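Take a look at the structures below.
Note that subunit A is present in both complexes that follow, paired respectively with subunit B and with subunit C.
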Partner chain A sequence: MEFHTELLPEGIVAIAGEGRLNMVSAPELRAVVEKEIGAGHTRVVVDLSEIEFIDSSGLGALVGCLKGARQAGGDLRIAGPNKQVTMVLQLSNLDRVLKSYGTAGDAYRE
Partner chain B sequence: MTRMFLLRVVVLLTLLLGVNYVAWRWVFSLNWDAWWIAVPLVAAETYSLIDVCLFGMTMWHARTRPLPPPPPEGATVDVFITTYNEPIDLVMTTALAAQRITHPHTTWILDDGARAEMRDAAAAAGLSYLTRGEEWDDRPRHAKAGNINNALMATTGEYLLILDADQIPRPTILDNTLGYFTDDRVALVQTPQVFSNVATGDPLGSQAPLFYGPIQQGKDGWNAAFFCGSNALLRRDALMQLGIVGYVRELDQSIGSALRNAARAVQKSRRHPAARNPAVLAALDAVALAIAEAREQLRDRAPFAEVTYELHRRVDEATMSIVAVDLASMEEDLREIRALAAGSALGTSMAEHLAEVNSTVAVLATRDLSPLNALEAVQAALRAIAIDRPDEAQPVMPLATISVTEDMATSMRLHALGWKSVYHHELLADGLAPEDVGTMLIQRLRWAQGTMQVLLRENPLTQWKMALPQRLMYFATMWSYFAGYAAVVYFAAPIVFLILGILPVDTNTFDFFVRFIPFFVVNQLLFLIAGRGVPTWRGQQYSLALFPVWINACTTAFQNVVLGTPLGFAVTPKTRQATGAQWGLIKAQLVVMGLLVIAIIVGVLRMVFNDAEPIGTSVNIAWAIYDLVVLSVLLKAATYQGFEPKENLS
Partner chain C sequence: MSEPAQTLVLRSPRDNVDLVHGFLERLWVAHADIGELDRMAFETALIELVSNVIEHADTGHGVTCVIGVTVSATTLVANLSDTADAGEIQVVGRLMPSVAAESGRGIALVQMLVDDLQYERVGEKNLWSMSRNRVE
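Now for the complex of A and B:
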């Protein structure tokens, strides 16, 4: 999967992908986020609005990226999950950890 | 069909006659004058009755599965070969065989020893090779479970085949098993572990034909076939789900208690000398308020990431405020100096200057100059409020790490999440078993310790998300590891009678036999029918003869789980460790054998010269001889010189 990154104001970086965030694309997402964090963009929002489907490996990648961002003094947030993604977040209880924001722009708004 | 019916009749009969016998033993035939041997004996008999009941339940649904459908279209598979210190040749034999598996796959050598020769050998053969990353340095490595968890993050196959370095796979291992995954709820397919380097008669009891056969088929009938660590296929999505759910559960437990500790630490530090400073006191108030609000948000089920992020932001703010106050006077001085400098030279703009001071503050706050950092307890407590599991290399740990037998704990959690497992009864890998008694003993000890750790940490009986039969299937295996205590009693009872003349059973011969014999006969019949002709005697011998190992496992696992004492974990060596007979390893059993021989001699002498009661004495002599025959397996084991393939003998 191709991930697009976009710099938002205040050094926030939005990362968006299209299609299935699964065991195949999860390592790619991790690599993209690691690269951004390495470049000093530690406040990350993963835009899920164009993600049709997520599996447990996709969730694992989000958790792994969250760890990376926190250790670099930043944060990782998620935005715009569709119905299937929201359901997977609930089934895995990961909604207890990550809050879903409406859009990437909302994620770091006070 | 008729065999199943017969089996169930025998199971019911065993239950009925067993309860009849043991109840009579407790109520009517206990020799209270010799309670010290009588009560342990009847307790051991009760233990055995429960054991055989659980076995009967296991057999109730024993099923032979029909062949699975063909593999799912386009299934991607990673084959993991786990190794730590096994010889390179041995690992490569397995890896090259894995490469020849016909279904498309990627073969990985997961080398926990990070050996250069291993890496070179893998590269030369075109195999993928993985070791742990630096994130594992100074953190718990979790042995094989950690090795596989590490690999799960670096690979992408939909299904995983796990192989120990000494389990050589056959080419059809994937073709014949992947089809089970066409059922979306199947997470695990376990195939048998059978060893090809075992001498006739299996002196070390390496083969487990009853377990990799009727018992696993029986557990499978209750949807409770176990994961046994090797020769098994797993669905990645199920494992990852296990990891995520475990991660959230871990946070749920740790964050609540970390917040409580932090609140307590703040209270305590109010009495610290540094708290006399009003700025520090104000910061402590701010931190206390932030903690209190975080706890309230969690009670309202706000997401952990949001709560902890906000908390740490407010704590940082409070920390900065102290440093800022400390720096206020310093800043005053700076301003004067700069004003003087500006008078004479180009100077710095006010904005630049302020930015400089702010960055100084930020740097100071993160270093240990902050007065808040003097209050280390607060800092430490705050650090523990983390959602990235800083104490672990990976936040998500799919394979369970609560036990040295990660396999059983993992399949139990999969079942608790509602996944299905399959036992596929076809030999698809040829294993290499330990070839000396010392290595065999270490291996058995490790299995038993791991099983006991699972029992103590996640007692299956209280895993409410599993169905009751599933819980009992796990419990049955754990229960069998208490056999060491029963064995001691079974060895002691005839010795006590023959030498001291004390009979733990208070009855006449007829009453005893009329209850005992029918139970004994159906019990043997049950094993005969359930076993379907597989040799079970070796297994029966070892379950009693290894009593010191089982007892050692129970006590060390208890000390480990309850008191935190390390287990003294050892990887099973794959090559022979020593030559010559190894009597030192079976000292306890040799002592018992000596006592049994003396007891038999004394018993015979007393019968001949002392008018000892002939029937009771004969029964006990027979019992002691039986015990000796059971233990005799160790004489062969201790002198066993390893496997020699037949062609080498000619």
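Now for the complex of A and C:
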């Protein structure tokens, strides 16, 4: 999967992928997020609006990226999850730690 | 009445779970009466099970996994047979790990999404069976 990175105002970075976030693509997401955190972009939003399916590998990648962002003093939030992604986040209790927003632009608007 | 099982043969590392998604996509088209929740839950569980076989059972020699899915008016059933070595596999009572864990959610998710999950080692094969009672 190819992930697209976009810098938003206030140093926020939005990372968007398209398709399935599974054992094939999860390592790629980790690599992209690590690179952005390494570049100092520690306020991350992963735009899931074009992700049609996530599995436990994808969940693991999101948790790993969340830890990395927080260790660097930032955060990781998610945007636009579909019904399947929302179901899996709820079953795994990760909806408690991965804050979800309607769009990437909303993720840090508080 | 159940229709004959639809079968898929997956050979890892040549194939990956995307093959299973394509297989299910065709199955959903052929069975448009299966509700969204049942499709989502069954697909998530089957992908987790197959991922588990590919990821944890392959000791470097590759794995062949035969997947059969049977649809009836009341259930969705998947039977898997793989050639991997026997592992220390616990399929019952797997707890969802803490939110900080980066792995270990697969089988716990399967348990939550299906009504029955069985595993047994028969000869040189691992046999898996999962069944979900349709809610729609």
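General remarks:
One rule holds for everything that comes next: the second predicted complex is superposed on the first by the 110 of 110 C-alpha atoms of A that agree within 3 Å, B and C clash if a C-alpha of one lies under 4 Å from a C-alpha of the other, contacts with A are read in each partner's own complex, and residues count from 1 in each chain.
As a convention for this text, a contact is a pair of C-beta atoms (placed from the backbone, for glycine too) under 8 Å apart; a residue touches a chain by one contact, two chains touch by 3 or more.
Nothing here was measured: the structure is a model prediction, and the numbers come from that model.
Look at A:27: by the touch rule set out above, it reaches subunit B but stays clear of subunit C.
Once the two complexes are laid over each other on the shared chain, residue contacts for A:64 go to subunit B and to subunit C alike.
Contacts of A:53 after superposition on the shared chain: subunit C is touched, whereas subunit B is not. When both complexes are overlaid on chain A, the residue A:77 reaches subunit B alone and has no touch with subunit C. Residue contacts after overlaying the shared chain place A:87 against subunit C, while subunit B stays out of touching range.
In the superposed pair of complexes, A:99 makes contact with subunit B only, with no contact to subunit C. Of the two partner chains placed by the overlay, neither subunit B nor subunit C lies in contact with A:18.
Comparing which residues of subunit A touch subunit B with which touch subunit C, the overlap comprises 23-24, 55-57, 59-60, 63-64, 67, 92-94, 96-97.
Of all residues in subunit A, only 20, 22-24, 53, 55-57, 59-61, 63-64, 67, 83-84, 87-88, 91-94, 96-97 touch subunit C in the complex they form. Subunit C makes touch with subunit A in their complex at residues 16-18, 21, 36, 40-41, 43-44, 47-48, 51, 54-55, 96, 99-106, 108-109, 112-113. If you check the complex, the residues on subunit A that touch subunit B are 23-24, 26-27, 55-57, 59-60, 63-64, 66-67, 70-71, 75-77, 92-99. Listed in rising order, the residues of subunit B touching subunit A in the complex are 153-154, 156-158, 236-241, 243-245, 247-249, 251-252, 301-306, 309, 386-390, 394-396.
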